[in-house]
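Below is one structure, written out as structure tokens; comments come after it.
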Amino acid sequence: MEPQKIKRRRLTAGLDENIALLKEIFGQDTTIKIRVFENQKNPRVRCCIVFVDGMINNVLINEHIIEPIMLNKFLHKTDHLLTDLREKVLFTNDIFPLREIDAMMSELLSGNTLLLADGFSEVLVLSTRGWSIRSISEPAAEKVLQGPREGFTEALIINLSLLRRKICSPDLQYEFMTVGRQSGTKIALAYIKGIANERIVKEMKRRLKRVDIDSILDTNYIEEIIKDAPNSPFKTTGSTERPDIVAAKLFEGRVAVLVDGTPVVLTAPFFFIEYFQSNDDYYSNFYVGTFGRWLRILGFCMTLSLPAIYLALVTFHQDLLPTRFLLNLSEARLGLPFPTLFEMILLILVFELIREGGSKVPANFGQTLSIVGGLVLGQAAVEAKLVSIPVVIIIAFTGVTGLMIPQLKSPIIFMRLAWLILASVLGFPGFMLGVIALLIHLSSLKTFGIPYTSSLSKTFAEECQDTFIRSPWRRMLVRPSYISPYNHTRQVPQEKSQDNVKEKAEAKER
Amino acid sequence: MKSYAMPFPEAEKSSPGRLFRRLTAVLILISIPAVFSGCAEVKEINDMAILSGMSVDVDASGRWEITAEVVNKTADASPEETRRVIRSNGSTLGDALENLNFQDSRQIYFSHAKTLVLSRYLAETQGVGPVADYVMRNYKTRLSMDLLVSDLPDASAVADLSSSSSGLIYYDLEELVKTDRQYGACSPTKVYQAVNLLKESGADLTIPLISQRDDRACLAGTAVFSGDRMTGSLDQDETLYLQLLQDHLENAHLVLPEENMTFQVMDADASFRPVVSGGKPALNVDLKLSCTLSQAGRTVTREDTETLSEKLSQLVRSRCGALITKAQLWDADIFGFGKSMGGLTYDFSTLPVTVNCEINLKLGEVHR
Amino acid sequence: MNDEQFEAAIEEQQPKYQEYLAFVYFLSSVFFLGALIPFHRMIWAGILMGAFLALPFLYGVHKLIARYGTGKSLLLLAGLLSCGLCAVTLYCLSDFLAFCALQELPVWFFPAAFLLCCVYGAVRDIYVLERFSKLCGPVVLALLFLAVCSGISKVRLSLSYGFFAWRDFLAPSFSAFLAGAVFFAALFFAEGLVLLTIMNAKRKTPAVFKDTVRGFLLSAFFLAAAYLVTVLALGPDVFEMLTYPIYYPPGLTGTAEYLERIEVILLAVFILSEFVKTAVCLLTIKESLLAISRRTSMQTQ
């Protein structure tokens, strides 16, 4: 039956008519089960439960719904039968009444059970979800050496509970919405009241309400629709599968969007420096964390610029190369038929093909792929004088450093090629123009109204503790004020803490 | 109330933004054939003949001859095959250098040329001026090339010498100059330094002199210029004292043959004091050396320190004095006395110069 | 916290970027002027003198703006000056690159691409340019510092000994030195006027002048230091002969045996600073054209 027709229909007081209506709505769908039963003592109390087979907890239905109604000795068909059932008979933790057909369908299809009673045009919705879900495990793409190993799952309710366990505070707010006209996907907007920026919360709600699409199967659907700069390759919302990361971001004033059916959670706003922050940084020594961060930043810079700089120097500015290096390069390029630009593009393409193939290939073929890719293509291409060794090294190094930050994959691919072309046309000045264009683009991006490079262009030393360096925790006293100006203090300095002051006073007295 | 609401991406239909995007798209479409049609004249490294250095000769008729060494490396090349010598000539220096482009199928690349060798005849007749001028005017040749004067019959003979390390004689010469400078054997001069000395007053130019020992190049002293013409040459020993007087001495050794002793110069300092004596300007040269006895032919004790210091001081004074006299004969102020004379009017060739030398001598690790 | 307070909190963070913008903006003034005017060995002193000479006039402009606001006539004047500065900048930059870096390409190729890039930057707001300057300002500073240090390592004082002798100090002529100082004062004043006008037209923060002066003096100091080191490294006479002398010292010889020919870092400094200058000038031209068109439409109404 068409959705518009469903909306116009109403339940009647007759149970049989209602059952007929439901059968009409669901057509030939045999997963929708309708079970009619009546009270043993008083057969006039006729009820019917409707549920989706495979989505419910059978034990719950049998023992907590059907059995109590059937065996109850005191049930009578009165005007307040449904109230009695809700308050005195049924053993489920969540029951509420509904009248609208489309809301009923939504509840039914999300794993709840509908209880219809003869003589009532209202149904009771009973919480009976019980389908199999994936167990909580560490996300494959966000592993840590030290730290929590929980990851979100596809069930929204589990995810909400995981987050609740990290933030045991009544200030943690959840606001629920449904998006997706056909999919009816439930999403939850999470934030910490008193810390989160209310403007951002409002803006997020406004954007989510504007999402008008058939289905939402992953957070990326929402991410792309609500993005600040749709054409930019850079993200303006973060995504993660780890509850500890979401909790940390909420504590900084961000908001999170959890979507049912996917373990990926969106966080907003998202700044450029967050690409280089890893939860490993916070779970290990701050020296190690800082060094790791520098490596990632260096890797990012090298993966973007190394091919372009090499090409510019080798084809335009040979006088800037050290003489010995130039002579070795000249020797390496002897007899090669293709220009350096072509070699580089070819090798980048080959590397991307291998990477793409490697991400899809079953584990059994992984070794074969690495042998073919590495040895055959690389070695054989050099020996066949198709490409030169320095270019192979450059591209291999570029590829490896590009994998350090998977989230930057799309901007890296695009910009690396663009800079390569600019360098091939205009040499090092062309490369600089590419750098300028990137920096201007980053400087002009905003994420939910806040400049994208806010964290990089801060001047208050207190707030630069978590950008290029990961300061020790005892120094990170304030939350970033560019995200939220509320509740700025994260921790009290140890010297000024109440306990410390008291201890010192006592020591003085002694 | 102000709203920070970002315009929803679908709703953004601002015409300037759309116009800009269209213009950008058109520009990209136009530039793609421009990029890939090869209108940008890029050059690959293997399309260039890298010049390591060159020698410049001029014959009696005024015809210029250039001999250059081009790098010709391949993976399996023997030392003889890593280089190729090309020659060209012309009625002017520029003409000869441009004709060099016709001697190789690849484009001649000058930017990595490290040394420029002039023949003695050229240095004495035409001078350094034309060569330095060409290098200054053309960006393709580097200002930091080392200038050398060849003591061989022709500068082109340098290209036929054997290389001791890199296989390329002109790169070897650069290394030779760099290494020997550390031992006080030469005073390197780069093109821009030569131009500076030629332009300003108060100092004259010196350029290292190279010669041949067996079939390899070696430094043979220093060529002395008055103005931009070569007027004479100094041997290796005199070059050491030249370095001392120019305050460039880093590391050298002094010898007292009669004592069979060698001294290592650890530190040297030279300063000039103009004085007026009898109404006439004169110059005092004050030298301060810190030396260490590095080899002794007999037992040396602390009591010998003063004697040895005096002998060393005498040696330095006499050698410096002789060198200054020689330079005055050539009227070549290669020490920079003129820069210290201030506004005094003087004639360098007759300027009375007194050399004072103070030696601070240490006897080294072993002493009694 | 209400909307106004939040906006003020964000705004409060903005003023500190102005000094970076001013630093990068003024830095590009002098690099390529060799294409137009011959350099004097005392150019470094001329730059410093010109900077201090220009300061009182810039202060006057600041007071004028503070009192009367950025009126249409001031915007028009700034627009005209920007046109001149843009044209000179592009000409000098193209000449430099055609001579020193991109000899093989057609002369118009890079300027066209560069102008396109500057337009891309100029259509954004001044805040974007400020953030850009904040991002690349420290990098420019570090690269310039590296170039100056590299130049210092090439200084041979005996070569430049004559430089310290008073009679050679100001050769060939004292009047050339004075003319240079006045020229730089005028140049800095013109650039400062453009920058102050556009910053005040786009922003309402009163702390513009102080931060601008800080950035301006820092860039003047670094320019002076770079040129002084260049004079000492190349020698005064060679310095005066060359068109773009500042480009040479980092490439003279190797530094520490492995860092050879690092004039590429100066190329990066040049292009970044020229971009900021040209983008600010284009932004000013845009604002002045908008001011004219507003006035014209009001008159026709």
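So that you can tell them apart, the chains are marked A, B and C in the order they are listed, and the count of residues begins at 1 in each.
What we mean here is this: a residue touches a chain if its C-beta (ideal position, glycine included) is under 8 Å from a C-beta of that chain, and two chains touch if they have at least 3 such contacts.
Source: prediction; values computed, not measured.
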Chain whose averaged C-alpha position falls nearest the assembly-wide average: C
Which of A-C and A-B has more C-beta pairs touching across its chains: A-C
Chain whose Cα centroid lies at the greatest distance from that of subunit A: B
Centroid spacing, where centroids are CA-atom means, of subunit B and subunit C in whole angstrom: 35
Subunit A and subunit C, separation of their C-alpha mean positions in angstrom: 44
For subunit A paired with subunit B, centre-to-centre distance based on mean C-alpha positions, whole Å: 63
For subunit B, residues contacting two or more additional chains: 40, 42-43, 142
Set of subunit A residues in contact with two or more other chains: 199, 316, 319, 323, 425-426
Junction residues of subunit C, two or more chains touched: 3, 104-105, 109, 251
Subunit B to subunit A touching residues, read off their complex: 4-6, 8-9, 31, 35, 40, 42-46, 48, 50, 71, 73-75, 109, 111-112, 114, 142, 171
Interfacial residue positions of subunit C with respect to subunit A in the complex: 1, 3, 5-6, 9-10, 13, 16-17, 97, 101-102, 104-105, 109-110, 113-114, 117, 120-121, 124-125, 127-129, 131-132, 134-136, 251, 254, 258, 260-264, 267-268, 271-272, 275
Residues of subunit B touching subunit C in the complex: 1-2, 16, 20, 27, 40-43, 136, 139, 142-144, 190, 192-193, 195-197, 199-203, 246-248, 336, 339, 342-343
Residues of subunit A that touch subunit B when the two form their complex: 199, 203, 206-207, 210, 225, 227-230, 314-316, 318-319, 323, 326-327, 329-331, 333-336, 339-341, 421, 424-426, 446, 448-449
Touching residues (chain side subunit C, partner subunit B) in the complex: 3-4, 7, 99-100, 103-105, 109, 116, 123, 156, 158-159, 161-162, 165, 167-168, 234-238, 241-242, 248, 251-253
